[in-house]
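Note that the chains are named A, B, C and D in the order they appear, and that numbering of residues resets to 1 at the start of each chain.
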């Protein structure tokens, strides 16, 4: 690309980068920065043939071809940085994805200032037939009872946390009374190949419902910034069961 | 291999590796299996010169040379599998080490059967001068007050957890009331190079005291199985401040 | 471990692993060491449920289940070390597999003592219809002409290499005249998950024929040491087109 | 950052991205794209404290602090894509750096159109005292003899390559007669942490002189785009012996 197209492209990207979505009751996903787009994958792939960009039709066709045949390395040259706010039990699942970079807020160095806990509005129950299954139930009465029990426990835990801090106990030790519903924040830098693997596993009905909501938001931002790669992914490489072209 | 040879092999391995240590009040580290030893690093390094093992003196000298000059790849051919039981806040720090393999007990699939929470016997306080510092205090009265407050909170959280399960709530959702002190278990497979990096960061006075105890136990097992590599590591590559030759 | 136990251990391991196969005209693959087996994957997976080994039938069924549903992390606890001798152009393809550890003989430090070049017995031609395709031809006359041209070029290159060394030129510089057919040797430590990915890409008719031969040998050793995992892999996860259960 | 600063910053970066340097006789390094800069590391680090950018002085001081204390993860959020043309023996050393993404021109799919071989102008000799050492000699007569011998061998190899292609031999097989001096091209996407590790090992007098030249060019581009991080790196984390602040 020449300089002028490049600037034009960067401005477009900048518009796109105002991408933020609220998730759950207090969480969010925000696209902080990105490098590359559909064309970055094309250029990286074409270096294999000693060639560059061609027509949009042929460039898109190449992306389809690469994805169909499992040539995933060109998609590693598209990179995203997200800022995420999510409950600890979601973060724990997220951090299992090792190909990527994480920086998380530290509860050792930072006091949790207010009661920031996830209160579910979506209740699931286990079923006797399948130990791994959890199905959503629409039961207002149960929901209220669950929320009440949770809120009470969260408040007590937070009260103990503050009490321990007041005794002079170090933040790193006081925080062990906090529940897994506590919100945390982190930066996540990940290339498109690894992001697609994340989507296959987490934008899927077998994932826990909460992380699924984050994965769906990320899928939308991926689609908005790399429409051809997203289309090819959903068609050829996606192993989950909820995303659609 | 057939089953019988396999069992024989596992028993032999067990004899060799019978390394296990209790950590904190209810945790442990157990060396489940390992591949290679000091000689594996020597052989991998000598392939660079088209040579194999020589005398023990020269083999040890090579290990010292490699470590002193930052040639760390030969140590990737020594691999360990550990079985670890640790509180969630320790596991969270542990899983940040991406070069390695983890399989963890799932609270989505498995009910936590009894109250398994970490109750500290080691109390630290923050100091006003340095936000990141936590120093140990020997204050029996404070310790008793802290433990009492924690136990009460843990019991209430566990009570709510059981209550939610009794309402039919899915394990994956009920567990979000559990505190970060809850014990978990995992398998960790890691090569010696990555293990040494773990020790530099976690067998160190800036690490949280609890994970430091695990790191010290792992350092002992590393020393017992790879004495030359351990000696060279502490002398030349270790960046922490507590391990000694 | 002391030296004597170590030697004993190495000898035992050798008995167990005496797996070596000649590849191409002068190459080989040798299984130097391994950690774990089918049971290691089972144990790592069962930690997720807080359980261990059960009956062979149920353990094998678990392996099949894991592979069918894409749960690949338990297979990372099975680890292999191979010693490989292969032409440089094969090594170059091999080293693209990043999840694994390599130590290679250094042409900077070691003089290539004799003419060790790969002379093909298997000739492929490109076809006009498909730029990426190479098909084997059974044409003795062509084969002889190809070999003659290659041998002559290899001998001249080696002659220049020796001549440069005799002028005092450093090995690292003299070697740049050597052809891509030159044999090299390396140690490769890789877990079963990454090894399976290698097999999907290299034990496949789209791979270059030469690396395919190495991949087939590795597939055999994988099958011999982890028969259930191999069976499950070929059935559920293998993306190549030549391996069979 | 607000949108307007962001655009200003992107425009600056765009100016910077016209970074290209010729290396050796026919090679180059070109910075194709990048994500983030010094501020990206600051923002990622501050998320640990629940804070963002502050004054330039404090932001720079934080970078110095992070580097001095080995906190390297924030630098993973700065990512570069380079386009590189280098001889195969240089590429072979480069590809050993596993934390990064590579796409290389394929000699299986693409015919090498002209004689593109590296002809050294810098001659090194081995010294008897140290097998690993190669020292530069300023000997015009030797240089001419070396170049003559090399050029002759390269021409013969290329002649054979074309001859084999003319016989119909597949490109993937014909190319095995080509020397290690043959130029190749690749895209390399790498984060700043991994790039710094590359510089420690390759911008160093123990590296082969040729890859050192590429490393020096990359160091310059790193310095131009991330001046604070570069300064902190050279001061606190760099393990090589040629770069200076």
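A few points about this structure:
FYI, a residue touches a chain if its C-beta (ideal position, glycine included) is under 8 Å from a C-beta of that chain, and two chains touch if they have at least 3 such contacts.
This structure is a prediction, so every number in the text was calculated from the model and none was measured.
Over half of the residue numbers at the interface between copies subunit A and subunit D are found on both sides, making the touching surfaces mostly the same. Across the assembly, the mean Cα position most removed from that of subunit D is the one of B.
If you average the CA atoms of subunit A and of subunit D, the two centres end up 32 Å from each other. Per-chain Cα centroids separate subunit A from subunit B by 28 Å. Our note on geometry: subunit B versus subunit D, Cα centroid distance of 36 Å, whole angstroms.
The multi-chain contact residues of subunit A, meaning those touching 2 or more other chains, are 102, 109.
Listed in rising order, the residues of subunit C touching subunit B in the complex are 1, 3, 6, 9-10, 12, 16, 32-37, 39-40, 43-45, 47-50, 56, 73-74, 76-77, 79, 81, 83, 101-106, 109-110, 185-187, 189, 191, 225. Of all residues in subunit C, only 87-89, 92, 95-96, 98-99, 102, 108-109, 118, 120, 123-126, 131-132, 134, 142, 145-146, 149-150, 152-154, 156-157, 160, 163-164, 167-173, 175-181, 208 touch subunit D in the complex they form.
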